[in-house]
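Take a look at the structures below.
Next come two complexes, and both contain chain A; in the first it sits with chain B, in the second with chain C.
Coming up: the complex of A and B.
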C-alpha cells in the first residue's frame, strides 16, 4: 500500500464534434483491496465527472466493464490494482462501437451475432406449461452450463487477431455459443444445420488458432478445447460421405 | 463497428469448400512436418560419416523415392503455401492491425503466429531455391553437398533457412494439435514446452550437420 497509481486513460467522445481522441493522466493513492472498478469510480467522483465507462454488477457477472488493461482485454472489476504496476493504461475494447472513453456498445454486435448463428433452441415441440420439465442427465447439464457461463463481455473478440483483421469472423464467443446448442438435446438442429452456420471461413475454418481468446477469457471458459472440437466435428461432417465406414466415428 | 455479416443461416446452405481447404491445409502441413523432420535426420547422417549419408542417398535414388518424392514434396510445399496464405494478411492495414494487437497483448501464441507467417515468406523463396538446386543436380552425395556448402554463400544461406524451417515446422505442429483440439488446457502447456525443446534440438542437429559439411575434406 501507500503507492500512488498513475492511470493513462483513453478519452474520446464520438458524439461531440469538438472531441479528439487523446490520453488523459490521473493519479490516485492506492487503497486496500482496490480494483480498477473502484479506481475508475474514484476518478469520476473526485477528479473528472465526465469520464465514461460501463459497470453494473462489480462482481464479474455482467461483463459490462471489459476494457483493454495494460494491453490485455479484461474486466475492470476483476482486476486488483495490487497486481498491477504503478502505471496503468486503459483503452476501450476494440472491434465494438465506441460510446465514449472506455465505454463500448457490445449489445448490437452480440445481438447481430446471435441472430446470425440462430442462438436459441430450435424445436418443433409445443411447450406445455403444465407438464413436468424433461429431465436431463446431470453430467450433460453441467457440460452445457460450463459453456453457458459466458458473460458476453467481448474480451475474446477484442483479443482475437483474426476478428480484428476480418470483420466478418464470428469469433470465439459465437463458436462457443453454438457448441453449447450442439450439446443440448432439446435443440433439434442437425449436423448439417450447424455446418451451414459455422462451416465457413467466417466461422470455425477462419479460426487461425492464435488462442488469445482462451488466454484472456475472464471466466476461463475452455475455448481452445471447444473450438478444436467444433473444427473436428465440422471438418468430419464435410467429408463423412467420402470416408470409409470404420472412420465414420464422431471423434 | 464490426458485425459478423456473412455467416449464413437456415435456408442458405453453404458449400463444403472451406472445410475441404482446411483439411488440405492441415494435411499438407502435417505431411511437410513429417518430411522436414525425417529430412533433417537423414541429412544429419553426415555426422555418422559420409559413407552413411551416401548409403542413405543411394537407397532413396535406387528406389526412385528422391526422383518421384522430391517433386511431390515441391508440389505439396506450393499447395500448402497457397492454402495457408489465405489466412495471412497481405494488405498493410491488416498487417498493422495484427502487429499492433500482438504488441499490445504481449501474447506468446499470437507472436508465434507472426513468426510462422514471416518465416513462411522466407521459406517460400529459399526453400524453392534449395529444392530446385538439389533436384536439378541429382544424385545427392555427401561430397556434392559439402562442396556446395563450402562455397560460403550456401553455408550462410542454410544458416538462415534452417532456423526458419524448424521454427515454422515446430510451431505448425503445435498449432495443428491445438487447432484441431487434440490437447486440452493443461496438455497445451506441456506440448508447447516439448515443441520448443524439439525445435531447439533440431536446430542444434542441423547446425552440427552444416558445420560437418563445411569442414568435410573434399576429394
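Coming up: the complex of A and C.
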C-alpha cells in the first residue's frame, strides 16, 4: 500500500470532431484489494467524467471489460493492482470497432460470427412439451459445459495474429463454439456440414498455430487442444473428399 | 427523427426478454430487443446456481411435484405472492427446463448408483435409480422440501443465456446492443414503443411497436452494496414509472443475499451452502444451528441474512477495513468438489480476493441481491395502466415471489414467465392493432432531446450526478436495508426527497457528445432516486414484517391488515410516489400459515382489531 499508481489511457471519441487519438495520464493512490474496476470507476467519478470503458458483472462472468493491459489482452475486473507495476497502460482491444477510449463494439462482431457458423443446435426434431427429456450421459454434459464456458470477452481475438491480419478470420472463439456443437449429439450436422463452415482459411486452416488465444483466455478453455482436434478432423474430412470412393475408409 | 417499427419491442435481452422474443419470432412476428450490453453479457449470465422445477428425477428429489414446489414458493413468499401466478409457474417449470434441454443446455444429468452428497456440512450417500440415468439432475437450494434445482455445474445462467441467444440468432431476432431505452412512447392509454439512446454514438431513435416488453432485470444498483451487475439500475422501471400511469408493485420487498464477498460484493452461490458450506463467526464458531436448529444454513435467504446481521450486531463479526463480515467455510467439501462443481466460486475467491477456498475461509456479508418488486402486471404479463405494455422477469412484479423469492425460483421465472407471457403477447399481437400517434412520438422525442440539451447546458443546475448517487447510496442502506424501523425510514424518506431535488438539478461537466458516460448517468439519476423513494416510502408505510421486509418496530406478519401488495405510481412533478394497495392474491390454494422457519409472530386474518 501507499503506492501512487499512474495510468496511461488511450483516449479518442469518434463522435466528437474535436477529439483526436492520444494518451492521457491519471494518478491514483492505491487502496487495499484494488482492481482495475475500482480504479477506472474512481478515475471517471473523480477525475474525468468522459472516460469510456465497459463493465457489467465486474465478476469475470460476462466478458464486458476486456482491454489491453500493459500490452496483454485481459479482463480489467480480474486485474488486481497489487500484481501490477506502478505504471499501468490501458488500450482498447484491437480487431473490434472502437466505440470510444477503452470501449469497443463486440456485440456486432459476435452476432456476425453466430450467423457464419450457425451457432445453434441443428435438428429436424420438434419439441414435444408432453415428453420426458432425451437422456444424456452426465460426463458428456460436463464436456459440453467445459467448452460452453466461453464468455465471448474477445481476448482470444484481440491476441490472434491471423485476426489482426485478416478481417474475415473466425478466431478461436468461433472454432471452440463449433467444437462444442460437434460434441453435442443434439446437433445433427454432419462432418461435411462442419467442414463447409470451418474447413477454409477463414476457419481452422487460417490458424497459424501461434496459440496466444489459449495464453490469454481468462476462462482457461483448452483452445490449443480444441484447435488441434478440429484441424485434424477437418484435414481428414478434406482428404476423404478428394479420395476416390473405393479408397475411402472410415477415419 | 430516426424511426424504426416492429411488432414486438423487448427492452432488455436477458433470459426473460429473449425468451419472450423467441416466442414472438417463432410465431412470425418481427422482434427487436434493445440491450445496454451485448445480450450474452446480461445479468442473467451471472446466476450460477440453477433453476427450480419439480422434475423429481434425482434421489433427493424423489416424490417431488408441482404441488410441493407450489407450497415451497408460497411459504417462501411469506404468503405475499399471487397464488394463481405461483401455480402457473410451478406447473410450467418442468416443461421449460425440458425445452431448454432440447435447445441445447448441457444440464447436469443423473448418474446412477450410490452418490455422495453434502447436507449441513456432512457427507451422506443416496442411491440414484438406474432407470433415471441421464435425466436432468437437481441440487439442493434453501427453503425447499425437495432437491429441485436444475443446474449446469455453476454456470447455469450463463449456459441457458447462451443457448437462448443461439436460438434467438437462429430465429432472426434482431438484438440491438449498446442502446438504452430512456422513455416510453405513450398517450396515457396505449404504449407505442420507446425512445432509445445509442450507447455507441449518442443518437436517439424512436422504436414504434404494437407490444412493448420491459425486461430490464432488477434495480439493485440503487444500493452501493449489491451483487447486481452495474447495469441493473432499474432503467426499464424508471421509464414505466415516468409515464405516471404504470404501477410498480411491492418495491419495498428487497432481498439481501447472505454471501456477497467483502469488499467487492460479488455473489458466491447459495449452492455453496446447498452443497454443505457453513457460516462461521470471528471465533470460527458455526452459529446458524443455534438460531435455526432444523434448516441451519439452508433456511431461506432472508432468514439467513437477518440471522447473520443479528449475529454481527452481537459483536461476533470479523472486523475489516470494509466493515464487519462473517466467514463462509467450504474447505470440507474437498479440492475435487470445489474445483469442479463450485469452480466459479473458486475462481471468484482466487481472482477477486486472493483466497483459496480449498484451504481458506471466504469473507462474506449480506448484500442487496434481488428485487421482488417491479412493474406490476396481471397473470398474462400485461402492465397495469398502459395497453400494449408488458413486463417479465426480475423487472416485473408478476408476482410469484411475494416478499421473498426462493433461490433458483427467479432464474426459472425468467424462462417460464418468458414462455407463458410470450404466448400471451403472441395472442395480443394476433388480436390487436395499434394506431401510432405521430404527435405522441414527436412529443416523446422532443422531450428527450430537450432534456439532454438542458443537462449539457446545465440549465437547471450543475450538481454532479455521481455525488448525488453517493448521497442516495448512503441514505438507502442506512434507512431501508436489512432491518428497518419507523424512525430511520422517516429520516431516509426525508433525505431522499432532498436528494431528489438535487437530482433534478444535475448538469454535465463535459460536452455530452457520443457515448458520453456522464450523460448516461445524468439521464437516470432522478429516476433512480424515485425508485429509492418507492422502496423507502413503501417500507415506511408497511407496518408489519413479511419475508425480506423486516420492521424492528412491527415484528409480526400482519395478515389482518397487510395481506396486500403495494402499488406505487408517480405523478409528474411530485416529491413522493402515490401508494395504493390491492389484495396479495384473489385465490387461496394455500391459506396463510407459518413458514416453519424465520420465527416471528403472525397476526391472523381474522384477529380482532
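FYI, the second predicted complex is superposed on the first by the 240 of 251 C-alpha atoms of A that agree within 3 Å, B and C clash if a C-alpha of one lies under 4 Å from a C-alpha of the other, contacts with A are read in each partner's own complex, and residues count from 1 in each chain.
In this section, a residue touches a chain if its C-beta (ideal position, glycine included) is under 8 Å from a C-beta of that chain, and two chains touch if they have at least 3 such contacts.
Predicted model, so just to flag it, every value in this text is computed and none were measured.
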Given the touch rule stated above, what does A:74 touch, chain B (first), chain C (second), both, or neither? neither
Who does A:92 touch here: chain B (first), chain C (second), both, or neither? neither
Tell me the contact category for A:142 with respect to chain B and chain C: first, second, both or neither. second
Which holds for A:239: it touches chain B only (first), chain C only (second), both, or neither? first
Quick one: is A:62 in contact with chain B, with chain C, with both, or with neither? Answer first, second, both or neither. second
After lining up the shared chain so the two structures overlap, which partner does A:120 touch, if you call chain B first and chain C second: first, second, both or neither? second
Shared contact residues on chain A for chain B and chain C? 105, 108, 115, 118
Quick one: in the complex, what on chain A touches chain B? 68, 71-72, 95-97, 105, 108-109, 112-113, 115-118, 159, 161-171, 174, 192-193, 195-203, 205-212, 214-216, 222, 224-225, 227-232, 234-235, 237-239
Touching residues (chain side chain A, partner chain C) in the complex: 13-16, 32-33, 35, 37-38, 44-45, 49-52, 54-64, 77-78, 80, 99-100, 103, 105-108, 110-111, 114-115, 118-121, 125, 127, 129, 131-138, 141-142, 144-145, 148-149, 151-152, 184, 186-187
In the complex of these two chains, what residues of chain C are touching chain A? 37-43, 45-46, 95, 97-99, 101-104, 106-111, 133-137, 152-153, 155, 158-159, 162, 165-167, 169-170, 175, 177-178, 199-202, 229-231, 263-264, 266-267, 321, 344, 347-348, 351-354, 466, 508-511, 513-518
Going by the contact rule at the top, pick out the chain B residues touching chain A in the complex. 1-10, 12-14, 16, 18-23, 86-87, 89, 94, 97-98, 101-107, 109-110, 113, 175, 178-185, 188
